[in-house]
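One chain, chain A, links the two complexes that follow: it is found with chain B in the first and with chain C in the second.
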Partner chain A sequence: MRARVLVRPKQGILDPQGQAVQRALPALGFEGVGDVRIGRLIELEVADPAQLPAMCERLLVNPLIEDYEIVEAAGAPASPLNGGAIGG
Partner chain B sequence: MKFGIVRFPGSCDDVDALEAARRVCDAELLWHQDRDLKGADAVIIPGGFSYGDYLRCGAIARFAPVMDAVAEFASDGGLVLGICNGFQVLCEAGLLPGALLPNTSLRFVFRQVRLELADPDTPFTRVCPATLSIPVKHTTGRYYSPDPVHVLLRYAPGENPNGSQDDIAGVCNEQGNVFGLMPHPEHAVDPLTGSTDGLTIFESIRAHVGDRALIH
Partner chain C sequence: MRARVLVRPKQGILDPQGQAVQRALPALGFEGVGDVRIGRLIELEVADPAQLPAMCERLLVNPLIEDYEIVEAAGAPASPLNGGAIGG
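So, the complex of A and B:
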């Protein structure tokens, strides 16, 4: 299966990247933006999805500072082709 | 005594660490694929960008064959010093508590900092002065630990370059034989570059290993 691992900074961990983006959006006229957190998306093909949590705990994620969520990526690998709006 | 300095692909302060160690005793480079430490009495994991620092700083390096030997050496009480990227590697390997996060400024910082010795009674700090002047150069140096840790070095008031928790610049493990720090003592060993305070960390290790050799 093709899986997605969503990695986020743990609650309570200061995320300066998120803060910088949060400050930048209002400067572009986008109001009402709060609590921006920037993490990482890892997509991978796995023969045995049951091994995903162990992969996360041992390498993909540092559990001390990051939380993760495993999501099944349905169908073909994610690309702009099945993603709707395509940015410039 | 002899220092062993680990060289990963992407290490860049390995030669400075080698030259600094050679100012106090013998020293030799260890390759990341080595499975033994060539008889080293103390090990240095140097600064740089091991394995490109992909995924997270130090996350890949900890799986290098030489790291198994380093972990075994540490569990037997051997002295291990991790500098900058080496500190990150030791945290990722679980040999030190905590983790290093991106600087709050999101910028690479490269400057001389004043440090305060938090514990002078350790194998790594026994001949260090109460304050040291040593350079830092990193982007991912904000120390974080959810649990209390044994702090050996702190940034002096107003000197914290990265937003590190409690101004922490260097910590050791519970057993006191593994030490990691973000500042670079190997870059402060010659008056030409402004300070020789870094040399005292190498001298402390030599003194400790020398004493131990006399006891055994």
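So, the complex of A and C:
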């Protein structure tokens, strides 16, 4: 199964990369942008999807400062797949 | 609108971070893992979603080595704070 793990900084955790983007966009002429958060997108083939939360906790995610969400990536790549577990 | 941009290394582009994760997982006891690719997850409030492709091309994505996918993040379980005021 192809799985997708969305990793994002926890609410309240400073996200300097997101701040930089948020300041840069108006300078390029893009107005009305706010609350930019930048995290990681991890996509992988796994034989046993039940192992994914353990993989996240042990390697992929820093649970002190990051939340993660596991979604199946099996569907069409352009469709948002929102039915995942929320970890952290 | 809260939007989500998924950025991933293009097919055929070297992904050293993904390779490192792919080698580390079996060492932690997770078998059956393959084709790990690591990219970026960008979430932001935008007043005009039609500007998103231009934002990607001009700042968020390096189109030489990265592909991107824009999805609506409304209804995503991990972003409960939708529809807030948009700040600059």
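Assume the second predicted complex is superposed on the first by the 74 of 88 C-alpha atoms of A that agree within 3 Å, B and C clash if a C-alpha of one lies under 4 Å from a C-alpha of the other, contacts with A are read in each partner's own complex, and residues count from 1 in each chain.
Here is the rule we use: a contact is a pair of C-beta atoms (placed from the backbone, for glycine too) under 8 Å apart; a residue touches a chain by one contact, two chains touch by 3 or more.
Keep in mind that this is a model prediction, so the values were computed, not measured.
Novice: In the overlay, answer first, second, both or neither for which of chain B and chain C A:L60 touches.
Specialist: Both: A:L60 reaches chain B and chain C.
Novice: Looking at A:I13 after the superposition, I want to know if it touches chain B, chain C, both of them or none. Which is it: first, second, both, neither?
Specialist: Only chain B is touched by A:I13; chain C is not.
Novice: On the superposed three-chain arrangement, identify whether chain B or chain C touches more chain A residues.
Specialist: C
Novice: Under the contact definition given at the top, report the residues of chain A touching chain B in one complex and chain C in the other.
Specialist: 59-60
Novice: In their shared complex, at which residues does chain B touch chain A?
Specialist: 55-56, 59, 63, 92, 98-99, 101-106, 142, 144-146, 163
Novice: List the residues on chain A that touch chain B in their complex, please.
Specialist: 13-14, 16-17, 20, 59-60, 62, 64-65
Novice: Residue numbers of chain C touching chain A in their complex, please.
Specialist: 2, 4, 6-8, 18, 21-22, 24-25, 28, 30-48, 51, 54-55, 58-60, 69, 71-73, 75-78, 81, 84-88
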